[in-house]
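Input: structures, listed below.
Heads up, the next two complexes both have chain A, just with different partners, chain B and then chain C.
Take a look at the complex of A and B:
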């Protein structure tokens, strides 16, 4: 038995220790790994009516993946431009949302982390409380704000800034705002956590040596906050690329989020293998992208957990 | 001593709301001096340092560096470098990058910076350690890196905020000598903040002793130790025995004090208090433990203390003898170890003689709390 396991059982007693271990294993294996593996398995099978499952036609195939890249069999186009377009647009938009969120949240997190006093708690509370409201209601609230006759348009038109209402929804501004807002806390709190532990003297030392604010952040604060920044960015990126509610409610009529296509395959078309293939592609691409970016910025996996 | 850049504090007041952190400080620090602010924690010494470095604007009065008023000039524009109590080295930069950070700000090339960092590393005897991270160095080494980093900016004035307090005793004593040597080598003004009177006495050219925002005395180590101006300075700097009483007679620079417990004591009036004491005033006489010598029991004069021995402590080079003193406090006497023994005297009354020049009289006042 490995020593860490032995130590764990000794600390917690054999009975409770084994129980905890079993529960964690059940959670990780039974609720995460096995369903995902079964999705991967689905994605390589043809979509068959129930009687034929397990029959002679139920063989592994790449058709579902081929469909994403080349479109349905017999289609005239070279590639599946629609689905691929949505896929890349989703990834790029998720990256933009992540960057926008980082730019917005870093100053907030820095301020919260480096300022002392009770008003900081009030500010943090004001950030948290809106999240007691569920995601769908929040999305609809944004729809009310950004709609044709919504709060923002009424205000802008009555102030004479716009002649006529601007279509925030068709132009996806509502969607980006909604997605950006949805995960703001997941960006602020990891960064805040790290910056809070940054010794103020380091900032003063740099300032004493003549460093400008920009340089202090670039050389002292940001390197220190890197684990928090990467963990925030990873979460925001993964969750916005995989978001469903906000695109459903705030997306323009002509724009689709990749998750919406996946949803359609599963629900509207009842084609689980096809949906599974699309979902696997999204998951694997996101993970690869995150790993590449982490490599680029020299972030270790261990840092993310901080 | 080379002609470094001096620092003047003129009528300096610093308030935080209703709290007065520094009250009317007037200090002239000569260029090239090793100047210490000595005082218990919370006395305002760090506040003064922050005002000199520019992190804090004084409420009233001026800070002059090299004769130039620093009002409105930020810490990044002053010719000062500050060494923080916790050093504040940048943990994610290599040692050499830490040292040359000020050059990086000025836009020096990596090659120039590395060269200068290596020179400074040689000076602090840490050659070849430049590529390590600060966390890989020992406490004393980190200390030296912090000094090198501050010196790299070629400041006119180096400000040190209790930089030795985190080190263990032995290293601290070693670093005292080293700091003093570095200061003499570079010849710039050092302003040193400490609550440790030993540090202040061993290193400084001049010391300002502070109590609750007020500078009680400015002088050389010897002046502060031998000729304190207030009971606070007398009791805070070094060990001291106090004898309370009333002035009975003044003759020139000497006073005869009728002490509460030890009869008539003759003492020299400290320089700053000459002419300020009148017969009948409450007074204090301070006599250092090392200023006493054993006297025959029959002795009878006005520079003699008689008291019962309560305890004896053998310290190797000296005996510490404790005797019943004034106001519940013990009188401590240090007698050099010349092979004698005091054990048999426990509980007995002994007589101790002192030289009148080594007993300092002054008006009664507030003493340092231990």
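Take a look at the complex of A and C:
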């Protein structure tokens, strides 16, 4: 028995120690690492009926990735414009939603973090309540509002801003509003947590030295809140790029989100390896993007989730 | 001056922000009480509770709730215990490995739920095949896969909550217990667990809520056991009814009540602590409000809300919107009739002035194309709502069918294109013949 295991069991006792070890191993290896590896492995295999799996045809191939870039074999187009277009649109839209959420939430988080009083608790409660409501129901609520006969259209038409009801759903405005709405809380709380611990004296010192409010934020608050901002942005970006419910409910009939294509490969077309390949592409490109941005802004991975 | 302007703009911004955050929920809740069968707030027609009874008669929703609760409990047990083990491990692992380990166990929060669902499905499918089990084995069971898939990332949330508390734990307490002769298991159960209990409770609540509302992962793993969220998504995607609003309203009310109860509880403890800090005598003595309520706004609001819910539920049991609904129908019927009368009068005037044109020269089958606005009304946004009047008129007043039947008169058809149907109300009575709701209405 290796010494570290012995030491570990001695510190925790044999029974609790073994149980702890088993649970952690099950979680880390059995639920996190192996399934991801297995998905990556699966994405390199052809789509075979169950009896042929493990047979001579079951070899590694790049076909599934080829399909995303160049389209099905024998197609006339040079590239798979539909899927690639959806992919880049998803990434760009997720970035825009993240920036929009950051701009929207930063003032609120700053206000909540720097003000003391009983009403702050009420406001925090009001922030949390929407987050406890089902994601589907939140999307549903926005659909009621943005529908053809929805509240917003009725209001705009009666005010005379539009003479025809505007189709928010077809133009994807409902989708962007819904995605922004869904993850607001994940942006506010990390920033709030950091700003709350910022010493107010620092701000006052900066003000005494004659800094304008814009300069105070740029030089004092934002550098201090950087871990919170980055963790909020990472979560919002990853979750909105990987969102499925909001695009399904609020998306226009002609526009797709990349996760919807993955969903179609799995559930409608029954081509699991193809879907797994698309999922791997989504995961890897999101992670690479996040790591690049974090490197650019000099933030550590360890700050996420604080 | 500048200060007050800044303050005003902050409040204005906050108001806008919270309107964006809470407005959709309020509007959705309101639609649960409006009678049109498409969830809408305007125009307000009748206060009704029928969507709630429709909700409780929905087998699929009830079954979904049952599955959600089973999955929720499974996820709570698995993810809290894994989260606790993971958090304890984090405090003991070598410093060199700590950053890597932390990255790995925090990663599931950032991995898109879709990817988690797929990887769970693919991996356990492979294990299942390796073991040579059939398609109906335990490992490909929807409940098992859903619990496993959700626990993967919910355990990370639990771990974060538990680590925050564990950092304040004094390891000396465990050592003291061991010195006094406790076994490791006893020290764990009697010293560490009681210390961790508040964090474990909040982790469990968090895990249950996260499991209850999860969609992205579950949609790949649920198999034959659709949870409530899955059922809701199916319903919302293929036709929405106010019954969903009714469910949302119930969830909103439960959430608010739970939040208030929690707030009241915290406040009560604070008050008790404050009272203990001063003198005991001032607290005990004399007749006063129940301690629970005094100086505790959250508790007062909670009680008021509870009373309101009971009152509303009580009224709902006795209240019947039938009168109001029939009133609205009657009103619409009268409006429709008026329009038909007007139409007929116009036609008659026209007939008198130009008798030649009354010949049915235009083939009825071509009229739909020429009568563009009349049929366009079917697709007009208001058609669904106004469609009611077309549907109800023939049912309630069968003897009036002559007035309505005039619509189908070939003579009427020929004149209809000539009389410019200026208002949509006019055309919708015509267009609603093809409205799906008409079918539903006549079958009653």
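Everything below uses one rule, namely that the second predicted complex is superposed on the first by the 289 of 306 C-alpha atoms of A that agree within 3 Å, B and C clash if a C-alpha of one lies under 4 Å from a C-alpha of the other, contacts with A are read in each partner's own complex, and residues count from 1 in each chain.
Just so we're on the same page, a contact is a pair of C-beta atoms (placed from the backbone, for glycine too) under 8 Å apart; a residue touches a chain by one contact, two chains touch by 3 or more.
All values reported here derive from a predicted model rather than from experimental measurement.
Student: For A:277 in the superposed arrangement: first (chain B), second (chain C), both or neither?
Tutor: After superposition on chain A, A:277 lies in contact with neither partner.
Student: Could you say whether A:195 touches chain B, chain C, both of them, or neither, answering first, second, both or neither?
Tutor: neither
Student: When the two structures are overlaid on chain A, which partner does A:221 contact: first (chain B), second (chain C), both, or neither?
Tutor: neither
Student: For A:233, select first, second, both or neither according to whether it touches chain B, chain C, the two together, or no partner.
Tutor: The answer is neither, since A:233 touches no partner chain.
Student: So in the superposed three-chain picture, is A:20 touching just chain B, just chain C, both, or none of them (first/second/both/neither)?
Tutor: second
Student: So, does A:210 touch the first partner chain B, the second partner chain C, both, or neither?
Tutor: first
Student: Can you tell me which positions in chain C touch chain A when the two form their complex?
Tutor: 10, 13-14, 17-18, 20-25, 27-28, 31, 38-42, 81-82, 85-86, 88-89, 92, 94, 99, 101-116, 118-124, 126, 129, 148, 151-152, 155-156, 160, 183-185, 187-188, 209, 212-213, 215-216, 219-220, 228-229, 232-233, 236-237, 240, 244-245, 247-248, 251-252, 255-256, 259, 263, 381-382, 384-385
Student: Mind listing the chain A positions that touch chain B in their complex?
Tutor: Against chain B, chain A makes touches at 199, 201-202, 204-212, 215, 219-220, 223-224.
Student: Would you pull the chain A residues touching chain C in the complex into a rising list?
Tutor: Checking each residue of chain A against chain C gives 4, 8, 11-17, 19-21, 23-24, 26-28, 31-36, 38-39, 42, 50, 53-54, 104, 107-108, 111, 121, 123, 125-130, 132-145, 147-151, 153-154, 165, 181, 184, 234-235, 238-239, 241-245, 248-249, 259, 262-263, 266, 272, 275-276, 279, 282-283, 286-287, 290, 301-302, 304-305.
Student: Can you list the chain B residues touching chain A in their complex?
Tutor: Per the stated touch rule, the residues are 53-55, 74-77, 80-82, 84-86, 88, 90-93, 101-102, 104-106, 149, 153.
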